[in-house]
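Next come two complexes, and both contain subunit A; in the first it sits with subunit B, in the second with subunit C.
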Partner chain A sequence: MSARTTLRAFPTLLRVGFAEAVAYRAEMLIWVLSTTMPLVNMVLWMAVSREAPVGRFGEADFISYFLATFAVRQLATSWAAWLINWEVKQGTLAMRLLRPISPLWAYAVESIAAFPMRLMVAVPVILLSVALVGQKAVPQHAWQWGFFVLAVIGGWAVAFLANVAIGALCFFLESSQKVLEVWLVLFFVCSGYMYPVELLPPTLRTLIDWLPFRYQIGVPVELLTANYGWEESLRLLAAQWAWVAVLGALAAVTWKQGVRRFAAFGG
Partner chain B sequence: MISVRGLRKHYQVHQRPPGLKAALRSLVHRSYTTVKAVDGISFDIRPGERVGFLGPNGAGKTTTLKVLSGLLHPSDGEVTVDGHVPQKREEAFLKKIMLVMGQKQQLLWDLPPAETFELNRAIYDVPQAQYKKTISDLIELLEIGDLIVKPTRQLSLGERMKCELAAALIHQPRVLFLDEPTIGLDVAMQATMRTFIKEYNEKYGATLILTSHYMDDVAALCPRVIVIDKGLLSYDGGLDALVQRVRPEKRVVLRLSEEVDAARLSSLGRVVTHESGTAVLQVQQEAVNATVTRALSTLPVMDLTVENAPLEEVMSELFAESKARRTAASEPVPA
Partner chain C sequence: MKVKRYLRLLGIQLKASGLLSLQYRADFFTEGLTSLFWTFTALAPLFVVYSERPNLEGWSFGEALLVVGWFTLLQGILEGAINPSLTGVVEHIRKGTLDFVLLKPADAQFLVSTQRFQPWRAFNVLTGVGLFVYAFMHLGRWPSVTGLLASVLLLGTSTLLLYSLWILTVSAAFFVVRVDNLTYLFTSIFDFARWPSSVFQGVGRGVLTLVFTYVIPLALMTTFPAQAMLGRLPPQSLVGAVVGAGLFAWGSRQVWLRSIRRYTSASS
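So, the complex of A and B:
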């Protein structure tokens, strides 16, 4: 598909995607409720840190960390693997494949189009964090905000591309839903979603640094709340976008090979 | 426009008997069988032709359409559609074709069809002026003006199918693949769809390939039919010639003003049906004139028509012939 066709169609795809997101607002609200685990963890870790700080984290740090985690999770997320599995099984992927625009763009736009609705949840949560913790809950410099925005986009890209790569495995397996479940378990353990990664022992941290999960949630959250310097921020962002490139290549290869095996069952 | 040479599409299908034991066994050992959905068919279709693909369920019709529209990669053979190799799914190719499947939908379920139309306009890069003209023509022809603003989920099947067709034609495809487009529709809606499809073909010179189990669709739309059975091409030619070949006999339909003995009717030809004052006789083609003359002179005839055998019967007979040939071919030859 040409980039020109895709770019020209992009605004309409986004507008229609947003209309769909509005149509599914109740479903989105339920999804938001299902992502409240960081709030539970926040309460637990606040209790733990009441006596003495855990690492560099006191009560206020845990509040800002987990509220940021909750907010970032609203944006750096994707359900493409589930969608691909469903559409391959039902044969409805055929309708997407008939169009002169890659289904991957369509999945991406559908996800991005929901951003305005998700920001309506995420922004107030960050404002609440500022109200509770003060200015140190958010970046102090404009460039840090820029890095945070890039990190959120990178986090979304990690989630989306990993979802596509996993989803495309269903062309080879009968279903890749279980692979997605394994990915999600590792995500909960390694991403910084349940606890800040820096609280883990050094060996485990090193291992996690080499895995993609932290770059979906942990890195954007840290860039929002940890007041990192220029060098550390750049290093994290570079590592994140390296993972975006790796997962992008993986997604492209699995999708391209997988579509050749598409059987378009069901009529 | 379309050229198909030795097209094959074979699938490896996992097979296991029912039951827990078989399920456990399939964990470590899976047996596969090869299904020959399409097994070496060849044909050509000229620009602007309307061709019907006929065959029983599982014959390979839909598989062929999916290969032609680029959804499936053929196992073997050469296929070109307007100079494109479908499975490459080039943008120029996808902008020329559309596949409408009666059992699948492209309309966005929770949004009005107008949103899908607008989406397709953007995706197919249709200029605004052309889009406005096309959509206004489609709305008028299909009478969907008040439907396109209602959420798709609230439309009836027939209303939805009309909107599906409109969505499929916004970019004015030069090749239209129709897979059971009238499935589940009532008789009036089927007729509307047929009229519209024929008008589209005549107005834009689009090539049209149709599969349908409703023989009325085929009879109304397709002067040429390609019959596929068990993945093999068993007939390619005119619909009338097919009927002549399989069922050369004619049907004489008599509407009678009073009851008549079965014996009097059977003296004229084989009685196919006789009820409620209407009798249908089957006679050899060369005997039609004589039978009509005798019927008019000896029976209380109010009305008389001469017809071909119904297409459904012709097709059943054709498929039965093919099955018998296959069975005979697979039987062991005595020593």
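So, the complex of A and C:
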């Protein structure tokens, strides 16, 4: 499992992952269509803001916010926890463990390799947002675009690492599906997926600033749509990557401790 | 005669499912906890919206809460009585074991729809009723008897609509193989039913409201019963809902019969 073998396997794994994403494109489209929640909330908030703006959000701001949420959700997402649970239950994880590369890399690459296909959904949605709302739906400066790209990668990393940490809990709990559900509920409520976190009361906002959820969806979306200055952007990005580091350590530890307890049933 | 036979069959199927779930009694508590937890995601946006505005498209907080209550209640019915059976059908079609169901001397749609019930999953029904009580306490009044009767009638039509929509989704399994994620698609469209349908009237000059009333009748499922409870559903809407649900059920039955003709079993 040296770093060199891992690195050498990367291009091949990416190619395989991409081919898989192309092969299952219809399935991916259904997954995309099933993330309609931002659109439900967009319509809702448009109705709320029709008479008067809410905070700094007018009708157009809500359109750009939620279309961005929809687009970011396509990229900053992971289903590794579900996959790990399934493979441990079926015993098929044994096959992955036999390979000279950590299964975690395989999961990560599988998800990254789907990016080109997912971009084909996300980019048109952003373009639609620009068409509907105008220039202010996207950053005006090149550096803001750079920050946004970093934030999307960070958002994906938060999602993926949290998923691995939760997935690895199934080595201890038989199944960590319920833990995943708890995570998902908190994600929906705290991430800015259903409403901009700015609209929450100040005490709740401080709490959410300290939790990882907002850094998966809310922060990339805000960096795309909110026209933040240097300082604010840098602060948010630093907090996000701090969470990436924490979750990375957490994922590595739970996985390493957990996988020792793995016993393949069936096969 | 026929009705009696099918009622007996239903009894047997219910008993089998009931016995099976008695083996997993602890699930009642875990399902209950998760149900309460998920209700949180339905309520959070409600609280955020109504902290900004006292009134949204003619719905106050307590009134909108009733719609969420109906949404939660129907979710309970969906997950406890409809989902378990019909996800089984998808498995049957994929593996080719639907043969065994088709061979039995009873209606196939009846058999597959009653093959599995998961009462603990229906905990959401209780949560929904709890939300009704809370909503009416918030409104400071109680529903009229006729309003309650109408809403019970609409509970029947909503369940029928939900079931028919599911039959339509499952019928798609005969044409495309991978349908397990169609169930997610279905649930996410159902998400629109969390809110009073009048919220959507501003989009595309009311096209969305029309779609949710006549094409995918989500408005009939949650908004109508909530209005009935509040005593402000016009009688013609009530009649329309009953007739519409009947027509929808008949249509989905026709689609099922047509789809099942395409079933060719699996070779393995």
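In the analysis below, the second predicted complex is superposed on the first by the 266 of 267 C-alpha atoms of A that agree within 3 Å, B and C clash if a C-alpha of one lies under 4 Å from a C-alpha of the other, contacts with A are read in each partner's own complex, and residues count from 1 in each chain.
Everything that follows uses one rule, which is that contacts are C-beta pairs under 8 Å (C-beta built on N, C-alpha and C of every residue); 3 or more make two chains touch, one makes a residue touch a chain.
Since this is a predicted model, take the numbers as computed values, not measurements.
Peer 1: Just subunit B (first), just subunit C (second), both, or neither: which does A:Ile208 touch?
Peer 2: So A:Ile208 meets neither subunit B nor subunit C here.
Peer 1: Pick one for A:Val182: touches subunit B only (first), subunit C only (second), both, or neither.
Peer 2: A:Val182 sits against subunit C, while subunit B stays out of touch.
Peer 1: One more residue to check, A:Ala19. First (subunit B), second (subunit C), both or neither?
Peer 2: The first partner, subunit B, only.
Peer 1: May I ask you to decide whether A:Thr5 touches subunit B, subunit C, both, or neither, giving the answer as first, second, both or neither?
Peer 2: first
Peer 1: Touch check for A:Trp31: first (subunit B), second (subunit C), both, or neither?
Peer 2: In the superposition, A:Trp31 contacts subunit C only.
Peer 1: When the two structures are overlaid on chain A, which partner does A:Leu98 contact: first (subunit B), second (subunit C), both, or neither?
Peer 2: Only subunit B; A:Leu98 stays clear of subunit C.
Peer 1: Common interface residues of subunit A with subunit B and subunit C?
Peer 2: The answer is that subunit A has no such residue.
Peer 1: In the complex formed with subunit C, which residues of subunit A make contact?
Peer 2: Listed in rising order, the residues of subunit A that touch subunit C are 26-27, 30-31, 33-37, 40-41, 43-48, 50, 54, 178, 181-182, 185, 188-189, 194-195, 199-201.
Peer 1: Any idea which subunit B residues touch subunit A in the complex?
Peer 2: Residue positions touching the partner: 11, 62, 66, 69-73, 89, 91, 94-95, 97-99, 101-106, 108, 110-111, 115, 118-125, 151, 179-180.
Peer 1: So in the complex, the part of subunit C that touches subunit A is made up of which residues?
Peer 2: 30, 34, 37-38, 40-41, 44-45, 48-49, 51-53, 56-57, 176, 178, 181-182, 184-185, 187-189, 191-192, 194-195, 199-200, 202-203, 208
Peer 1: Can you tell me which positions in subunit A touch subunit B when the two form their complex?
Peer 2: Of all residues in subunit A, those touching subunit B are 1-2, 5, 8-9, 11-13, 16, 19-20, 23-24, 91-92, 94-95, 97-101, 260, 262-264, 266-267.
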